[in-house]
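Letters are used for the chains, namely A, B, C and D, taken in the order the chains are written, and counting of residues starts over at 1 for each.
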Amino acid sequence: MDNHGNFTEIAEQLIATGRFIDSKAWVPATSGNFSARLQDGSIAITVSGAHKGRLKIEDIMVVDSFGCSFDNRRPSAETLLHTALYRRYFDVQAILHPHPLNATLISKLFEGRIVLEGYELLKAFSGIETHESQLVIPVFANNQNIAELASVIDEYLDTHDECRAYLIAGHGIYVWAESVPVCLRHLEALDFLFECELRLLHGVAKR
Amino acid sequence: MDNHGNFTEIAEQLIATGRFIDSKAWVPATSGNFSARLQDGSIAITVSGAHKGRLKIEDIMVVDSFGCSFDNRRPSAETLLHTALYRRYFDVQAILHPHPLNATLISKLFEGRIVLEGYELLKAFSGIETHESQLVIPVFANNQNIAELASVIDEYLDTHDECRAYLIAGHGIYVWAESVPVCLRHLEALDFLFECELRLLHGVAKR
Amino acid sequence: MDNHGNFTEIAEQLIATGRFIDSKAWVPATSGNFSARLQDGSIAITVSGAHKGRLKIEDIMVVDSFGCSFDNRRPSAETLLHTALYRRYFDVQAILHPHPLNATLISKLFEGRIVLEGYELLKAFSGIETHESQLVIPVFANNQNIAELASVIDEYLDTHDECRAYLIAGHGIYVWAESVPVCLRHLEALDFLFECELRLLHGVAKR
Amino acid sequence: MDNHGNFTEIAEQLIATGRFIDSKAWVPATSGNFSARLQDGSIAITVSGAHKGRLKIEDIMVVDSFGCSFDNRRPSAETLLHTALYRRYFDVQAILHPHPLNATLISKLFEGRIVLEGYELLKAFSGIETHESQLVIPVFANNQNIAELASVIDEYLDTHDECRAYLIAGHGIYVWAESVPVCLRHLEALDFLFECELRLLHGVAKR
């Protein structure tokens, strides 16, 4: 597959990332999918149905920027959500879509969006320099019609330049960044901040 | 024991499954039991009293489809709940019965049944294609008289074809499927969904 | 030390038990102590100040049944709570005293005692055959004067034959049994049951 | 770097401590920083941006007691909070600053300070002999201007001799002690006590 340039290197990054993400229980059953942009502009993405904590190199396929497969395998329907992000943001190199418990709960409890502010850990995001920043994560309704879902997301992103990640209700999170490790750092920070918000929902009564 | 066909292979699957399940703390103390159907129609099942995270091949015995032992060992009383499921569903090949905390709590907090809906992870179940599905898990009262308990369960299953798993109050969960790995995937998905439901019980007040 | 009979074997059991207990985070900092009766009637017990998840054989000392050291080392003050149990119950061979979070919380939230009932996992206790049993765990006020504390405990145990474990408020749990592995099984079951009770405190409102 | 005396030994202690702290998920993303005093009075401290669970020896730099680097690398801004503590307390040899979830939540839920009392585990702190002690942990407002933050902290410490640790709201905890292992023991005890306090916030209603 190395006619795409750095497939092997990127695939190994995705495999290692999957092991870490699974160690956090963020991809229960065979949920989630991960991708990264290759040197020739095509996209390496996990195949549907594989366990994301035990990925093998053959569990990662290559599609073009519209989600068409370069080999015989049919990509998962959600591949289109990945390619839409790569087409929109030229500097995005990696996208992680796990199903963490905290993200799922946030997506059920917060309607429309969650605003994260006042946390030092916001500085884990590239370009955020102070805890006084606001990070807004939109929550979209789930939809098995991926084209419709993609269109709702596109409309939002058209008018929200600063968006770093989105939630799909009862489903999971999409987060993107300029490299696989940075994307994972953002995911790790978001999970921490989501857990804070969830636990603070119950603790505001007493001091 | 390989006069039953694939005993060794199936036993190794149950042992590995036990290690995974124990790593999630779903079989505290020596609780739970696991089984799988063998090629000759007999049932491999864990013996009573063994720690399910540290199973050895001699901790797995073989019974016929009515729970009669093929060797000297007396099977656990709950073996009858396993064999009843194998007799009812010809395509069921594996049954897992752990005691996870989340299942135990759900079984104490929800009377009669819990309905899971609106989760993408419902698609982890074979045959479920959309988060708009409903998965109904019945909750039965616990009973040390296994024959009585089996009869209550049978009566329910006679009229609920789509049932995938059941809870016994204050006790644990039974889940069955067409293979050991698929059964484990269903269990992993159910634990995630149960934890969501438990945490949502406390978080509905504020958004 | 093997003039006491089976010191080496028992010490290795305590070391392995400590590793398991630490993996559950039940002995934060250097808290807790563990003991077992040796063949000659003396008691092997962990020294004060050692980390219970990284015990070495020299972290286990031997005392007589009144807590007097057989070597130069001064035993921890709480050794007297262990020896009192060994003198009272001739069939007790092992005592575990960790500081699990759940036990600490239960000891703060329940005054005087907690009653566990309706759980299948009660059957993890030797001699309990049905979930319809009641297991009563008393909670004693903490006291740095161990002689006073021992006297309060003795008074309770004089009139409660069936007692299997006790809590000290804000402190931890003592559990005893006929062997180290059985004692650990009881501890594992109690932690599970305590966590159930804690989470049910918050979940009774909605079904 | 061993012209500072014991750099290699201390750096290895910080690396091992980072692995333990990361195993507890107390340094999400690349948050936190750790330091220790060297034999010549200079300070070994983790560089900014490194993952604290996977530190290498080159991720630890040396500064003087006013935070000036001995090599080309620019220390993190928060280095000044470390050096202020080393200048104030001559017997402090180690400082740990992770971002644990529990500390972050406590810092959001308790205004000004949290008082810990009635816990046996308070005895994990050097010099505390009874659960009847009070341990007061102040909570300071977060501030990206480290000089201002340091000045607020200094003012507090001038009048509170017995202070063992402080929280910065939405940020994390600073804890200091006479050695790296003792500092880690204090951190482990504080995390346990913070989790107790958080869970007791929700459990006081029923017994």
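Convention: a contact is a pair of C-beta atoms (placed from the backbone, for glycine too) under 8 Å apart; a residue touches a chain by one contact, two chains touch by 3 or more.
Since the model is a prediction, treat every value here as computed from it, not as a measurement.
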- Overlap of the chain C and chain D neighbour lists contains none
- Task: Would you identify the chain whose Cα-based centre sits farthest away from the centre of chain D?
- Result: B
- Message: Could you classify the chain B-chain C contact as same or different, where same means more than half of all interface residue numbers appear on both copies?
- Response: different
- Query: Expressed in ° and rounded to a multiple of 5, what is the rotation angle of the C-alpha superposition of chain A on chain D?
  - Reply: 90
- Query: Roughly how many whole angstrom separate the Cα centroids of chain B and chain C?
  - Reply: 32
- Note on the structure: Per the C-alpha centroid definition, the whole-Å distance linking chain A and chain C comes out as 46
- Task: Could you list which residues of chain C touch at least two other chains?
- Result: 202
- When you check every pair of chains, which ones turn out to touch? A-B, A-D, B-C, C-D
- Task: Could you please specify the touching residues of chain A with respect to chain D in the complex?
- Result: 118-121, 124, 129-132, 185-186, 188-189, 191-192, 195-196, 199-200, 202-207
- Spell out the residues on chain C that touch chain D in their complex, using ranges where they run on. 28-31, 99, 101, 104-105, 108-111, 142, 144, 168-172, 198, 201-202
